[in-house]
């Protein structure tokens, strides 16, 4: 299908630092794994490829620093499994 | 002043007055002969008392709006006739399972289908018990005069509020359309029952709680108790369940909250039964003919009595067995091809002869027809 | 892409019903949950007292939505959400009444109530989650299943034509009509907000994915793939007005498609009551 | 099958039953309601008024019954009429058989021409309404005046008040006149 | 005035049902009879075999119309004429199927079937006799009763808004939609003819008089007076297109209001059958 | 070849096969669990045989279209479950009064209202008799295995065509959804009855003629006989009537054309009743448990028998009285809160003890439950 | 109401002879009095004032020569009580 | 209340009852249908296959039963299981109690870890499907192969044919392989 457009491999891009610095703080997002149904929406829709799926298909924040808190992942999460740690 | 309370009024309009007396504030309906005067009466009277009348797009919408309004907290009702009553069955089932108080008046006309739209009938008697799919216990009452249209409507509202359940008033065309002198009771003269509301704090209240009398207190929407209502079989929280240990109690509750209180619900008129050898059993307009026939036959020295059922459902089995204990024969008069007679056959002991006098050509039963039957069975 | 909402990400959690089991019954990735999130954020923006909100639905996957929300909720019978809601609204006009319904619920069995709610202009907001299929019963065709598409009751391709729910509502007299999709969440929030604020009957058609049935039967892939389809095949109203019918074929036109001022049913009735009661004295 | 009693039964004597019959537009139901109101509310008797309908709400022939009694009225419809008003031939043909042998029969002679009994009161209500009151529509009220006179079941005063209560404003004089005319013409005939 | 029809005056008599009592049950001057005459003349012009015509109605004064005609007739239940007719047409697509319905029958209780017949584009002609009231049951408000008008259920004036049946049909996807009145009989005949000839679903709204209820309650006089009102307050579509909304208020716009080409339901289904049967055989 | 006729099939699909075997060519319906597979099966199979499938906008439209198609001359049917069946009641009444042959399959689930949509139930049994308003005589049959789904569907079509009347097939979810091995009969193996068509000239034919067996020959539309059909009570011409001498015969006909032929319609399975002291009486899936329980109890030496009702309506009173004549006790097993037991109480003599075993939590009745009840009453 | 417009008194007009001459033949129209319900439509709508009502309100052809066979009366008769004698 | 017999009753011996249980997406119903078809049509036995549903048409947990007998099958559901396949822990927890004492228990060891009995066959169907067949979706078919081996209720050939008849075209090899793998791995364990 058309997944590649949004879910494709991250392009190499200039190291642009996020507005939020997660290097030392908590992760950008809180994932409620017991509510997450591994639908892949957050992973595929994140414009910054912050996530990769774990063994069960649930999101892992592998590039936390790239997160811009753009909201896309959590407003698309049908199971309210994502909340931001930046409140 | 005394005159002010007396009026010449149609049975249908007396139902409207009875509903208003009960505190009814909401009517949603769809016109159909011979019930239309009830809708028309509500459209005139409700605005005057700050109530609400709405003509819906059909009967399904009407009963739906009535349920919605009742859940919102208003005493609500609708009126219809056979075809509309048939259409309401699915949502009536919803009212049963959600335990929503409301009143439906079915002014009966000849059926099946469009049938005899302007003619009298009592052929929806069994439908009032078994119309919706699924299991539930139904309440239905049947007045027989204009005055009784008022009192039975008040009683129907009381029963519906008392038991959190829909109640059907079975009128027939003759009762609905005849005019009679009615004396409208003053406020306080008749008891008016209002649903019990929860008093505990919202966190503690279970909207479908198992109480000792099996009726759960019921808040209206917007009264501080946010709750969920569903037509799925549900637990005490109102959430759907597939668990046997929640389903059984829920369905038992629908039955027992009513059947345990039959005595409160049963109402009969008993005339000349003390020494009666034969009894007329009937309801609605046929009872008027039966009372007349009884009076006439007694004059002629016949030991006949008359039992009128005001409560049709739950069927007053115990009472009938008692009252008929000393009869050898009963004559069941109905404006249909045999409906309540099935119940009578079921509950009376085998040694009482059961005879039927049925009429189903759209005309009223006459005292003479009953008298002829009486002579025949004597 | 659309603008970043200012909404806090966990506002949704605040509105979930205590005591109700989560996660929802919906399939992984089902758009119903996305609509639910957007709806909560819109309500939260309005700052409505949740004790003053009644949310009513019919039967269907979409109609399960209200169940999860901590407001007054009524999960009614199939197709009848609008008349139930009409009863509530008319009895308590002060309440905010929202209906959540599906394409089958609103437009198949419930079509009559739908057009009459539009005509009556009663102050209810209806959110029609259109996934072009009956999800709950396992993938039968609905009145919005496009021609030639496969469902379990159109195994050789649908020979019927589909409703345009928005055009139908406009033809029936609705005073606010908008369309959005589960891909366009900020837009959805905006449309919902406008609809909820509109006085009179408002309809928001939320195009949504049932990948479990519609997607699978029509080889449109999973939730992600379907959301991307919504992205690719949508045009905003402004742009659409400059396109030809040919160009618009198979596209969803999004935005506020119709809006007009009209008196509201409960208001009008109240005037009548006031007049009659003052006459009485 | 043993016990025979029907040949011994008596029609209840505490009831007075009357029927107003005619065609759709002649206001028979209105007249019966007014009569019921007059007798039930002012005269303080029990009253049941009923009518029969054609298909759904409309119809051609029209009949309206009033049953009057000082006691509880059991059976709400007429059993054996004490009085019959027939404003059309069809009405007379249909209902004459329901009249007691000694019942009072009143016919509108302008429309009823074939009267198979001798003992009746004939008045040209239509003509009287048109010529004496100036309005053909009040023929039913003229008939009410005559009924008051012939049967005595309701006083003229009480009847007049009942009519005026129900009639549209502005028609008071016409209606009063109509009752007077009916009553007077009747008293000329009354045996 | 309109042109003289070439129709013989007694063609109508030829189509009346043997054995059925005349005159009709309708009130003197009721427009239902006028529509019936126009319909017969249109059918006669088409030369259809009357054994091949099925005429279906619901419940209402208007729905009594088919009873008097010597074709196959089905007087169904209130609001359901269209699905009954759909069953007949789909079972025997060769038959000509005509539905006669009222504003209450088609648009109140029958609204859902109405919009679905429009959507499905099944080859049925529906004649909606719109008298703005429920005649049969004695004058209650209908979905086309205009705002503020009196009926027995709107004794203080109607607070609801009315449907425009033609706009509703167009919104639902009907492929032929026309309006006429019982005053404009030759025009009515023309519209009926076009509708009957149209392949697909066609609607003719015939504005008609119920002076017995609507006329009396709203002081519009007798049949003659009401027909004259129709004359005065109607504009043909061509002229209407040059008028402002303000000028058109309270006017009936007459003519073919909408027409589009579209595949027909039974045809499409037949193609599917043919494909499946040839696969098999 | 022998294999070709055998198939593993769901009960729902066996109904589709039975309908096609009967010559059914028209299905109109609206999806609802647990009946949906019947609609889906028809959507796949009907185009292949030149038949017609249409998904209507709702159940009211579905039954209307089915009636229309039947009057047009096609054997037609629909399938639904409780909520849809409730919605069909008004038009079912239309089918009764217009004497239109058709079949409705109600695959029962738990009620009332939305209830337990995926769970088994038999709680629409009384509704199948009394659901529509007005008077009429109903026919309903209840298969209990996949094979019987086929044979009872064929029987239902035959009865509907034979008596010009709607027939309900009461399935329950377990019967509809279970798969079993079915051997599909060859053409001619089972009797297929087609409605009698008129043969006289159109001028002579009365569409609702009073014939000796009370069933009027029925032409399809377009077959040269132009006739009128109405839901108003009508005379032999099909024109509405208010005349008693036409209404009585019409309504009597609706009853007697069926009740006079009970023997043709009744069908029961009787196992081990010769010397039985106790009898299980049941229908549908409960009968499978009852047969099993009977087999098990007989092994243990208990004199128990089993009566399965295939015909539910008209209720096989005479047969039951006969078969139970030598029993002292019966156990009525139902997946509801007590429905057919009302009929049994009515028809069995007072000296037979009647016990109920009811289950209504959405689960199937087990043989063990019946055995426990049996031990209790012994 | 608006009746006067069509049903008003006949205006005086030049003696224009009808295309059809009924002076010696049958009347222009046949009225089935047993079906006529006296609704007044034909009388009011006839552009030539051919009719006047009888005592019962049913149409009488008082100006037969003026009839132009324009069809208006019979296509508006709701009870099919008017047929033309010119066929 | 006198006659006691329940302690004397025997479970019918002519029935073989098995249950395939797991979660929604694991294809338990498909497997049961195939099994039923193989046994009913090819092996010529009577078979009833049934399942339970969640809310309306969808649902999480899934169970599918097959009852097999040479005689008429009265009761269509399992009474006491002769065999249970549990593909998830939840399934095992729910249904273990329905298994006869000497019944055959088969579990997918990749998902079921807590097995409260000693006597069972454990195979990692998920793993086998993924690694040996290359497709995790055929774990159910692998399990079918194992069932054939453990119970002998259906021959491997017959089973394979039944699977191939139902499976989508193009998946023949995969499915054949899956059965083989299941059968072989099972035979390694079979007691």
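Think of it as A, B, C, D, E, F, G and H in the order they're written, each chain with its own count starting at 1.
The definition used in the following text is that a residue touches a chain if its C-beta (ideal position, glycine included) is under 8 Å from a C-beta of that chain, and two chains touch if they have at least 3 such contacts.
On a predicted model such as this, the values are computed, not experimentally measured, just so you know.
Compared with subunit A, the chain whose C-alpha mean position is the greatest distance off is D.
Pairwise, the chains sharing the most contacting C-beta pairs are B-F.
Our note on geometry: subunit B versus subunit F, Cα centroid distance of 30 Å, whole angstroms. With centres taken as mean Cα positions, subunit D sits 61 Å from subunit C. We define each chain's centre as the mean of its Cα atoms; on that basis subunit C and subunit E are separated by 32 Å.
Distance from the subunit A centre to the subunit D centre is 88 Å, each centre being the mean of its Cα atoms. Shared interface positions of subunit F, defined as residues touching 2 or more other chains, are 33, 36, 47, 57-58, 60, 83, 90, 94, 113-114, 117, 119, 230-232, 242. For subunit H, residues that reach two or more other chains under the stated contact definition are 55-57. In subunit G, no residue reaches two or more other chains under the touch definition. Contact residues of subunit C toward subunit E in the complex are 109-112, 115-116, 119-121, 143, 156-157, 159-164, 167-173, 262, 265, 268-269, 271-272, 275-276.
Taken together, the subunit G residues at the contact with subunit E in this complex read 1-3, 5-7, 29, 34-41, 44-45, 47, 69-72, 74-84, 87. Of all residues in subunit C, only 17, 19-20, 50-52, 54, 56, 59, 66-67, 70-77, 80, 82-92, 94-95, 112-113, 116, 269, 272-273, 275-277, 279-280 touch subunit B in the complex they form.
Interface residues of subunit F facing subunit E in the complex, by the touch rule stated above, are 25-26, 28, 47-50, 52, 54, 56-58, 60-62, 64-74, 76, 90-91, 94, 220-222, 224, 226-232, 237, 239. The part of subunit C that touches subunit A in the complex is made up of residues 1, 4-5, 7-10, 12-13, 16, 22-24, 26-34, 36-38, 41, 182, 185-186, 189, 220-225, 227-229, 232.
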